[in-house]
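Written out below as C-alpha cells is the structure these notes cover.
Here the chain labels run A, B, C and D in written order, and each chain numbers its own residues starting at 1.
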C-alpha cells in the first residue's frame, strides 16, 4: 500500500465514518496494550462493534491501517536477524520471531478473544477479500488472516458431522444455500439427497456454532457413474445402499467465503473415506463424478497444447483436433446444445475428447490456468480415471465442458505416490484414459 | 544445545532405541515432505507411534534433534531480513516470516493432524519439560510448543462446562486427582463440593475429549470468608446458595502439566464471573480465599525488605519485625504449630502480619521470587483485600504461611486499571490492608 | 357383532387372506398363552408381521375376531359379580376385575411388548376406526384400545418439546403435513411460523420416537388479534416477541389419527401456559383465535334456537334474524364471498353475529351437534371472549363461518370454575359478547 | 379392612394428623370430580403435598380410606353384571367395566397427572407395602397400584441405558447403593465393575428422570465361571473383553422398592441378550453365576424331599444324605466356615451337593418356599446348568448356601419351551447336573 494511502482513505471517508474509524483504531491500540491484555474479551467486543458499524470504504481503510500501522518494524527485524546470524541461541531466535510477526497478528488473536470473535474475523475476511481486488497491497494483511485461520481451523479442531434428514433445518438450509456444484432446487430435492443410499458429511467448528464450513455429498452405487442425472433426479432403487460397491463424491461445496484458501476439502474427503471404509466395508471404490469447469473456455482461448503422450505426430494431431473443434464452433456445427452434441459426428466427438484428456493431463499445481477441480483432486492424491461424454446435460454443464464430466478415483493405497508425483509435475491417470489421448 | 550433543545422545542410546529414534527422525522428514502433505494424518499417526515407543533418554534425544535439525536457517533468515529492510513488500515479509519460523513448528502442526494428535503433543510436552531440566537449550523447542498451544487453546476454542454431581464419573475423578490447593479426600468430600451452594466450572477442549484442562471451585456465601475450614468441611446451611451475596473462588487447579504456561486461569475466572453475574444477580462481590505459598520460606530467607508505605522509619520498623520473627523461630517460641500460633503473643502476631502485607505488596510481575498466587491474581486484575489470621490450620497451610490466607477481590469495573497498574509496578490493595503494614 | 359374522368374514376372504388370518389368530393364541409369556417380544413381533400382511377386509375380520373370541365370559362375570356382592373381599374383587377385563386387552398389552409395538397398535387403530364405520359393533374393541392408550399416553409420559428452526427436518415436515387449521404452504411459510415472536410446542412419546403426537402454534402479540391474516402472512415487527402481552394459540393439530379420543390437547395447552408464564412473565393474557367450523352448516340446517338471554321476545328476535339470513342466502344477497360480506348491509351482519353468539352459547358437552372447537375449549375451561367479523378471508374460513372467528380466553385462575360450569350446562362468556346476543 | 377401621384410624391420629388427613380426603374428592378434571395437574400436586405432610400412621389411615371409600359399588356391579349376562352388548360391557373398576384407580391415574406424580405414587407404594404388613386388607389397594404400574412401566416405555464410567455420578451412586447381590465396597470397586470387559445395563423411565429402576452386571469371559471372586476382585486380563465367548449375568438388582412385583428383570435380561448378540457376536453362551439364598435354611428346616429322579431308593438315599448333613451341622463337623468346607470329607460334600440339586429341582412357580432366584430364572426360561462348590466364600455366601452357587443358562432358542415346562411343573436342567442328584 503506497504511503499516503491511509491519509487519502481517511480523507475520502465521510466525517461520521472517519470518526468511527478513529474510534476503531484507538480501540485496537488499547486491545494491544497492557490494559487490553487484562480484559481482552471486553475490548475485543468493542472493536468488533466499531468495525461492524463501518461502511465498505471505511472497512477497506481499516485494512489499510492494519497494513501500514500494524506491520513489523523493519529496522528491528534486521537487527534481530543479525544477532541471530551471529549467535543462533534460543533467545535470539525468540526475539527475531517476535520482531518478524506483525503486531496485527496479535491484534487478530486478541479480537478472537471476544464473544463470537472467530465468527467476526471470518466475516471480516470476506470484506478483506473484496477490498483486495482494488488494493492488492492488502495481501500482506490477508497473509496474517490465512496464517491464523490455518492454525485455528486445523483438522484436529473440526467436528465431522453426518448430515441427514434428522439434522436441524437450520443446518439443512445451509446445504440448499451453499451447494455450488449441482444446485438444490427445494426441500424435496434436498430430502432425496439425504435418502438411505446417500451420505452427506460436513465440517463444523466449535467457534462457529451451527454453521457449516464445508460439506460433501456421496452416493452409494453399484458402479462408477457415467452421468449426473440419475444421482440428482432419481430415487433410490436399493434404498439402503447396502449392496453398493462404489462411493461417489458427486459434490463438495464450501460454505464460508471468509475461509477461502484454508484447506478443508482435502481433509474432509479423507475423513469420509475412513468412515465409509468402516461403516460400508463392501465399498471397493471411492471416486468422484466431477465437472471440468474451465474446458470450454480453454478450447476457445487456444492456449499452447501439450500432448499427454509423445509418439511422433501427437502434437500435430492434437493441434488438428483443436482446429476442427474451433472451426465447428465458429461454423455453428458444434455448440453447447444437448441435441447437437448427441448427434455430433464421430470425428468431432473424438476430437473433443482428445482435447479434454490433453486439457486435464496438462494440469499443474502452480499453473493458475489449470482446471481448478482437476487441481484440487490431483493435489489430494486422486487419479483421473474416466471421461464421460454427455454426463451433464444441464445448461451449465453444457456451457462449461460440452456436457463432459470426469471420474477421479481415490485409491487409498496410492494417495501419497500420486500427490508427490503431481507436485513434481506428473499427472496420475488410468491407462484407459491415456489411450483416448 | 551444544554441537555434537545429538551425536552423543544417539551414541548413548541402546541399539534398539537408536534404531527407533532413527525411524522417528525419518518419519518426521516424510511428514514434512510433499509425500507427507498428501496424507498427513497417516504419517502423523506413525510418528506418534514411534515416539511413544521411545524410552525417556531417547525422547530427550528426539527433542535435541528438533532443536538442532529442525530450526531455521540462519543464513536464509539474514538474507530475507535484508531484502525486507530494503523493500517492505508483502512478498518480502512473507518470505522472511517463513524463513524465521522453525520447520519444527510445521512438523508439530502436522503431527497435530494425526488421530488424537493434540493429546499426543500435550503429553510430549510433559516429557520436554522434564528433559529441559537437564538440557536448558531445549527452551527453543519449548517456545514452539508454547506458541502453538497458545493459538490452539485460545479461549475461543475452549468449552466452559459446569461440573456437578450429574457430570460423568470419568470427569469427576479428574477433579479428585488434580485438586492442587485443598486435596479432595474421597467421593463424599467431592459431592459436598458440588452441593447446590457451590459451583464448579472447567475448561475442556474439543481436541482432548473427556479431559479437563483447568477447573475452579466456587462457594456462594453471605460474606467474604476468613477461614477455609467451613468451605471444605461443613455442609450447606442454605442449600440453594440462593441468598448468597459473595462468590468465593477458593480453589483453582490445572489438570494438564503439558499446558504449563498457556493462559487458562485468567480466562476461566472471568468467564465464571460473567456466568455468575447472569445466574446469581444477587451476588455483589467476587473474591478468593487464597494461600500464600511462599511466605514462610521468604521470612526464613531474609530477602531485602520493601515497606509498602514510606513514612519515616517504616523500613526500620519492618526490619525489626522480621528480626523478632526470625529470632522467635530460632528460639522455638514461634513454629508452624496451630496451638502455638493460637496463643501467640500479640506483638509477634502483629510482626508476622506486617511482614505478610509487605511480602504481598512487593509482588512484581517479572520477579521470580514473588508469591506465585499473588502474581496470578494481581496480574488478572484483582486487588489484595484482606489478610486472614489462622485461616488454614492444615499442616500445609501452617508450614507455608503460618496459617494465614489472603482474600483477593475481583472488582469487575476496575480490572483493567489494576492490571495495568500491576504491570507498571503498582500493587492494588484495600485501604484497610495497608493500615496493617 | 352379530353371530355368524366372523364366519361370513372368513368366507369372504380370499384363500390367501383366510390363511393369513388363521395364522394371526393362532399367533394371538400363543401370545396369550404361557408359551407367549416367556418371550412375548418375539410372538408380538410375529403377530404384528402377520397383521401387516393382511388386506383391508381381512383386517376388519381380525377386529371381528377380537370382538367375538377375545371378549369376557359372561357366565363367569356373573358368578364373580355375585360372589363379590356376597362378600366384598379383595380376592373377590380381583377375580371379578379379571373376569370383566376382556382377554383382548391383555392381548393388546402383549402386542405392545414387541419391537415398535406401540406404533403398530396406533396404526392398527387407524384401521379399526375405518372398519367401525361399517361394523359399529367393533366399538367394544375400540373401547379397549382407548382404555389402554389413555393409560399409556397419559401426560406424565409425554415429552413436551419446543419446536423451532433448529429442530430436525424430519419433525418439521410433520408440522407441514399435519397442520389442520391453517395449512402451511411450504418451508418458507413454516420458517415464518417459527420466528422469534412465535412458539411451537409438541408432545412426543418415548414409544413413538421421532413422531409428533400433537402440536400447538402460538403467536406473541401486543393485543388479542381480530384477524388471522397477519399471524399467518406477515413477518414479525418485534422479532423477539419480547414486549408481547398476549399469547395467542392460533392453531392446534393432531398428528396421530390412531390416537383419536385420547386427551392430549387439553394437557398441551395447560403445559404451554405454564411454560409461557415462566419464560415470558410479561404476558398477561392467554387466548386463541379459533375457527367456528360448524356455523354455516348450522345456519342452513335450521336447528331449534336457544337464545343466550331470556328477556321477553329474545327467541322471536333470534328466529327473525335467522329467517333474514336464510332468505338472504337463498336470494343471493348473502354468500360466502369476501367482497359481498365486506359490504353487507348492517342489519344482516348484525343478524349473523347474533346467530353466531347464540350458536356458540348453545354448545353442550354431550351434544354431537355442537361446534367441536367450542366444545374443546369450553371443556378445557376457557371462556368465549369475542366474535371477530371477517377475521378469516380464506375460502375455507368464508365457507365454514362467513369469515367469522372466535377468541377464547384461558383465564388460569378460573379454569376449574368454567369447566365445572360447562359440564353442568353453563357456557362461560365475556359480558361484551352477550350484549351482542 | 374391617368396618369401623377407618373411624378407629381417624381417632388414633393426633388432631393435626386428622386434620391433614381430612384435607387430603377432600382433595382426593375434588380431584375425582369434574372440577378436578379441568385442572388435574393442580389438584394432583395438592394431593401429593397433603400426603407428603402425613406421618406414618396417617398414611396407613389414608390407604384404609382408599380401601373403604374408593372401592367399587357392589350393588351397581351386580346390576351391570346381570345386564351384561342378558345382553352381551358393547355398551353393557363398558358399563360393567366401569362399575368394576375401583374409583381409586382413576384417583391414582389423576394423581399421576401432577408434576412428578409417578415418582410420588412409587414412593407412596413403599409406604403401602409397609402398612400392608399390619393391615393385610390393604392388598385390594395394592392390586390397583400393581395394575397401573404394570401398564405404565411396560417394557415399551422403559429406556435401556448402558452404564459405564462416563455415566453421571448421580446414576453410579445408585448402583453402589442398590447392588443387592455382591455389595460394591466403594467407587474403586465400582470402576472395576465398569471396565471394558464388563457391561452394565439399566432400565430408566421417562417419568422418573435420573432414577435407575433395575440394573444387571455382566462379565465377558472365556468360559462359564465357577467362582465369584475373580469377577468381583480381579482386574481384566483381556481388557477389551473382545475374545470373550461367555456373557455372565452375575448380579441383578432392583432399585425401586415401590415397584416390587412389576416385571422388569425378565425384560432386562432379554433385551441385554439382544444387545450382546449384536455387539459381541463371538459370545456363544449367556449364563449366570447366581446365589442360592434359601438353601441352608431349607436344609435346616427339614421340608419334605422330592428326588429329581425316581430310580428305586432315590428318596431314601436323599433322606439319608440330609440326615448326614444335619447331623454334621449339629455335631459341628459342618458349619458355614470356609476352612471347614474346604476340607470337608467327600461323602458329606457329595451329600450337600445332592441335596442342593434336589432343592433346586423342586422349584415351583407357585411355591412360596422355593428358592426365589431359581424361580426368577426358571420362570424367565433359563435352565439349571451347573452347581459350583465353594464358589462364594463371602460370609453371606457361606451362610446362605455353604458357599455353593449355580449357573443358569439362557439358551435363546429354547426359552419358550423351558418357561412353558416350568409353568407346568417341569424344571429344565443340564444332563450333567441330574447325574449328581
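The rule is simple: contacts are C-beta pairs under 8 Å (C-beta built on N, C-alpha and C of every residue); 3 or more make two chains touch, one makes a residue touch a chain.
Small disclaimer: the values here were computed from a predicted structure and weren't measured.
**Q** Can you name the chains that touch chain C as well as chain D?
**A** Touches both chain C and chain D: nothing.
**Q** Comparing centres built from CA atoms, which chain ends up most distant from chain A?
**A** The most distant chain relative to chain A turns out to be D.
**Q** Centre to centre, by mean C-alpha position, how many angstrom separate chain A and chain D?
**A** That pair's centroid distance is 62 Å.
**Q** Please report how many Å separate the Cα centroid of chain B from that of chain D, as a whole number.
**A** Here chain B and chain D have centroids separated by 53 Å.
**Q** Measure off the straight-line distance from the CA centroid of chain A to the CA centroid of chain B, and report it in whole Å.
**A** 40
**Q** Could you pull out the residues of chain D that touch at least 2 other chains?
**A** none
**Q** Can you give me every chain pair that touches, using the contact definition above?
**A** So the chains that touch one another pair up as A-B, A-C, B-D, C-D.
**Q** Can you name the residues of chain A that touch chain C in the complex?
**A** Interface residues on chain A, with respect to chain C: 165-170, 172, 186-187, 191, 210.
**Q** What part of chain C is in contact with chain D in the complex they form?
**A** 33-39, 41-42, 71-72, 74-75, 77-78, 80-82, 84-85, 88-90, 93-94, 96-97, 100-102, 109, 112-113, 117-118, 137, 139-140, 143, 147-148, 151-152, 154-157, 159, 206-207, 267, 270, 380-381, 415-416, 418-420, 423-424
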